[in-house]
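What follows is chain A paired twice: with chain B in the first complex and chain C in the second.
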Partner chain A sequence: MAKTVTDVICPFCGTLCDDLEIQVSDDGTRILEVYNACAIGAEKFLHSQSKDRVTRPRMQQEDGSYKEVSYDEAIEYTARMLVNAKKPLMYGWSSTSCEAQSIGHEIAEAVGGIVDNTATVCHGSSLIAIQDVGIPSCTLGEIKNRADVVVFWGCNPSHAHPRHLSRYSIFPRGFFTGKGHKGRKMIVVDPRNTDTMKMADVGLQLEQGRDYELLSALRVAFRDEELPDVVAGIRKEKIYEAAEIMKNARFGVIFFGMGVTQSLGKNHNIDIAIMVTKDLNEFTKFSIIAMRGHYNVTGSGAVLGWQFGYPFATDLSRGFARYNPGETTANDLLRRDECDAVFVLGSDPGAHFPISSVKKIARLPSVAVDPHITPTTEISKLHVPVAFVGVEVGGCCYRMDNVPIESRKVVDPPEGMMTDTEFLTRVRDRVAELKAQAPVGAPSAAEPQEA
Partner chain B sequence: MADAIRLNLITGRTIQQGVAMEGGKEKPAYTEACGIIEMDPVDLKRLGAYRNTNVRVTSEFGSVVVKAVEATQGPHPGLAYIPMGPWANAVVNPNTYGMGMPTFKGTPIQVSLATNEHVLSSVQLVQKLVKE
Partner chain C sequence: MAEILIKNGFVFDPVTGVKGDKKDIAIRDGKIVDSVSSSAKVYDASGKTVMAGAVEIHAHVAGPKVNEGRNYRPEDKLFVNRAAESKGTRTTGGFSIPTTFKTGYSYAKMGYTVVMEAAMPPLYARHVHEEIRDTPIVDEGAFPVFGNNWFVLEYLKNNEVENTAAYISWLLRASKGYAVKIVNPGGTEAWGWGLNCLSVNDPVPYFDITPAQIVKGLIEANEYLGLPHSIHIHANNLGNPGNFSTTLDTFRLAEGYRANNRFGREQTMHHTHVQFHAYGGDSWLNFESKAPEIMDYVNSHPNLTIDTGNVTLDETTTMTADGPFEHHLTELNHLKWANVDVELETAAGIVPYVYSPNVKVCAIQWAIGLELALLARDPMRCFITTDHPNAGPFTRYPRIIKWLMSKASRDERLNTFKHADKVISATNVGGMDREITFYEIAQMTRAGPAKALGLSAMYGGLAPGMDADVVVYDINPETSFSGEEIERAFSAASLVVKTGVPVVEDGRVINNGNKRTLWVDAKVNENAQVMRDVEEKFLKFYSVNLNNYEVQGHHYIPNPFAIEVDATQ
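On to the complex of A and B.
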């Protein structure tokens, strides 16, 4: 008789579903079946069980092949690399727990590193915009219980957040939304006729990169002013129709994604989307929420926020926290050769950074901490496999609406494997030892002032 | 054979990309999910390509061979879509214009037939490109 673990948190996307049920073998070592998860979440749990998983650190050899090394050697290499570097980039942090992030930041502070998370290629634009103009927001629970108009702008949850529609935004019946999707109007804005748009009441298939124009046009339409016949490839009648639906909402919400944050305009696209939300609050109650990608990218921003005051791209190399997107962001640092070592945890820049940045990582001393084999691990000098957070070890994660949820351990990791937290703790302690051994007067920007 | 055609490239997640990524980026399924370019039927015709033939995608920033497939989330003539991953990132515009975010969406590309060339796996592709 297999046993079932209930109320499991899914560690894939920012929706952070908390209703998974996982069947494990009697001895609690194998995952047999995953219930309630989307295709991606289920694959994540099942892949953690694969037979060909790497369970020990691997060091790159001269010929490019990899040789197994012990965790002790991996900790020594990582600590020395970070201590010897003048300005190491410590990137990723979105696929791990808040506890691990916090220890990583301690290391960054000790070695004078730069901490950047995956928001830098995801919702960094949104974070900048939020700092510029604020954000009227709410939780996903409020949306489930209240929202009757839901706008998806430049995001495709059918593919990227597969259970978002059924758990929170479109289909569920809530306290004031007893009719479920029948009582909700759905507006989708995207340059493609996406699978999400195919479900919409109003689909606005705009010209790619013209989001700012269309958002401006909506602000005009809210004020009943005259529009040109066509804006961003959309006829004005459709814009007025969408504006009317939004104005007449009882409670509306805009979800936005990479379509606006990664197209030209970037943070300015989000600025004006937030101003559209502000305008709508003249007529009704409206909120706006970023569709965060990684399951704990929001947590990374939160932890960096409470420790250093900035949500990403935090430069600690001068001994105090600085933040200047465009300068202290991972891709700019790499492309301008402004960092001399790269430490990656809980992300895959090898696959998800433009190749010009990846080339720079391959030429620097580099450590990739990741349960999977990824393009990053295969160009890094050292690959440290660790247990899957949310599968083999618990930890705090933040949902896309900034609600912290404690993830659960379902099975044990393969024997002898370390968790993120254990590995980082050992590296932190070794860094402290190495710093203490450093000759007196050695230049170190991160030396505590009172020492 | 038709000449190269010009398209506007965007990238992003597909559910196949997500599943294949979690199943292992070194596996063939990841190449099948992401080493593709989704094109409108009109553009495939303009290029003179059958569905599922290999094409070379070139931008100001790089070049990569992927398989041309018919877009399922169209019509979107003039627009091409490569799921997020190393193949897309071989050609996207890396400029952040001073705010940290590379310009992943809206890269002008040229697409030409490359029937005799292979689509490399993610690890092969990245290891090859970083040496160039």
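On to the complex of A and C.
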């Protein structure tokens, strides 16, 4: 007889589904089956069970091979690396709990580090746009209960947030939306003919990189002003049609993704998308929501916000918090050789940063804390495997609409493995000891190598 | 625990009725006591003023809208971020929406030991509690919002007070909340469709209930439960010229109800930031003060308490669960607008605002806030707030105290406004000679709010048995002092003791104290209907599961203090 754990939170994407059911073995050590999750979410739970999982820290040797080390040695290396560095980059924080982020920030404050999260290569441009023009938004349950017009702009939830459509945005029957998807108009804007595009009532397949123009054209159309015959590759009749649907919504929403945040125009695309939403509030009720990627990147922005005042790219190297995207963002620091050590937790820059940045990480003293073997762990001097948050340990996570949900522990981690918070707490305490006994900059085994 | 003796200060304490007499305050084991042994640590407070720790009854200091305000306003941090001040403290930042660490330190330095977060969206309760956890020193509670909650609207439409009470009890426990907060009753639900309720009789779309019914029903449910605090309301029609009549209509809804509780609370309604609700005229051109009309009513109705919401003339960040108002404001000032509608529960909006002394309306608002306090006949029912950060940051309390205690400082400010003549003719403050006394300040910032919150047994006074929250200010009430000296003294206390632990000395934080999270555990008889309704709403309409809703666990509330209420009989 297996037992079932219910109401499990999926620690994969920003949709943060909280209705998974997971069958575990009687002794509570093995996951047997995952119900209700999408393919990606299920894989995350099942992958934690893989036989070849690394369960102890590993130090990379001169020849590229790995030597297993104890957690104590890993803590000592990490603490010394951070204390000795003048300006360590502490990057990631998006696939871990808010408690871990909080301890990480204490360490960063103590060592004068820079804390940046994955928004830096994802929705950071959205955060900058929000700082420019604000954001009218709502929770996902509001969409479910009220929305009759749903716009997906530069995002493809069918693949990237697979249960978004069924849980919140298109299919569910809510309080004022008893007809489900039959009562909703779906507008999709994307240069690609994605699987989401194929479902659209109105599909606007625009020319790549012309989002700003099309958004601007919508603002013109809302005001019943003249448009050129074609904007961004879309005929004006189609633009007027979309504008009318949006204006006549009872309650509308725009979801947007990386297609607009990281393509030509970046934060300016989001600026004008938000202004489109604001315009629509003259006629009806409209919201706009970023399709955040990692399951707790939103939480990282929240914790950074209440502790230091900025949602990412927070430089603590002067003792107080500074924020200047372009200067204090991870890639800019790496490429300018401004940081002299790299600590990564809860992200995989090795896979997602430009190769020029990745090469810099490879040359620096570096620690990667991650349950998986990733491109980042492969280029880091030290890999510290930890328990999976949301699978083997609980903790607070923030959904893409900023709603905080406590993730659950489903099974025990492999014998003797530490969690993020345990590891960080030990590092924090060791950093405090080292700072108390030795002047900063004392030589150690973790001195940067010649670049 | 160590003993402390604070000697020879001029003590102002409404609870024991001490009005500036020289007196020693003795502390043992976190409580005020009659006397201590000779081994007590002695602080010499000669020539200084001694009061209980101050109690903040209404401020937006923790939670999703506060944090969105921080994150979307990097400009609020310009030139004010600082490295940690001393060992054991954290880096600080932000002006109108300070970081959690700065919030805790700043309150403590001014002598505040208790702070109430004024609006908690229940779905975001975890976020509120995480921020409260990271706000050092001060004890905190949070008020979940009920005035636009679908359960409440549906129950009260049918006059089901007992079910409303059972739901309140359930939600207070689930969100670890302290009191029943109402913001723009019905209007925020209407905002779900881009609409609003501007009077107490405007029907709420679909739910077919009026703000008046919501408010009366929640008063009844609140008194049915016997909660420590009364309903805490921000009425309809905030911020609009001529809205004083809506405010009076709202006040009248509380007539005929009696406070039912074991906490010594006497009021059945607390109306917050009344400055924003005391406007005459019908446009910004003939905008004027209606503080006298408002205070006439307040003075003659002991079932009512208010706080002021004083405008401090700063650049600040407005934020409220009154979603439609913030949209209205962004249309007025064209500054960046953030909004969040929260499923089944509430909404919130944020817009930066510059209260400029060069703008007539801002100066009139400044005057109205002061008039409310100056016209209050019972300082135990009128409390000083800035509705932080809406009318200004809480860090300006010392300046408001200056304006209230010194007519010279007040007149100097009034007479140097760009449109001084127009401001003087639209207000009454120029003709007011009253100067609030130290004793009245202690009533308005300590004993009064503590009593209104149902916390008079613990906070707001210096009677033996009460929590040892004691503050020493470096100002001698028996000599003459200037307004500037008042502001300086109240900005940085010489000594703050929080539950028996010295946390501030000479205006510097020396200890993070023993912070607690206050919440109300109200027990009611099992109510199958309400529990069925809760299950149904979560199954069908919420975007989270019922089992993932309740705030539980040490990492949210490391040091809880539950106030128990039994409404099962």
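The working rule: the second predicted complex is superposed on the first by the 438 of 451 C-alpha atoms of A that agree within 3 Å, B and C clash if a C-alpha of one lies under 4 Å from a C-alpha of the other, contacts with A are read in each partner's own complex, and residues count from 1 in each chain.
Going forward, a contact is a pair of C-beta atoms (placed from the backbone, for glycine too) under 8 Å apart; a residue touches a chain by one contact, two chains touch by 3 or more.
Please read these numbers as outputs of a predicted model, since none were measured by experiment.
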item	value
Which of chain B and chain C A:I355 touches, first, second, both or neither	first
Partner chain in contact with A:H372 - chain B first, chain C second, else both or neither	first
First (chain B), second (chain C), both or neither touched by A:N117	neither
Which superposed partner A:I9 touches (first chain B, second chain C, both, neither)	second
First, second, both or neither for A:N269, with chain B first and chain C second	neither
First (chain B), second (chain C), both or neither touched by A:N156	first
Chain C partner contacts - residues on chain A that touch it in the complex	6-7, 9, 18-19, 98-99, 102, 109, 127, 130-142, 144-146, 167-168, 174-176, 250-251, 278, 281, 284-285, 287, 301-303, 305-311, 316, 318-323, 395-396, 398, 401-406
Chain A partner contacts - residues on chain C that touch it in the complex	62, 64, 66-68, 70-74, 76-77, 81-84, 90-94, 97, 99-101, 123-124, 126-127, 130-131, 134, 150, 191-194, 206, 327, 330, 336-344, 347, 350-351, 540-545, 547-548, 552-553, 555-556
Complex interface listing, chain B residues touching chain A	8, 10, 12-15, 18-19, 21-26, 61-62, 71-76, 79, 81, 84-86, 89-90, 92-94, 96-106, 122-123, 125-127, 129-132
Touching residues on chain A, where the partner in the complex is chain B	12, 38-40, 43-44, 47, 50, 64, 120-121, 124-125, 128, 156, 158-160, 162, 191-195, 197, 205, 208-209, 258-259, 261-264, 266-267, 293, 313, 325-326, 329-332, 335, 348, 350-359, 361-363, 372-375, 378-379
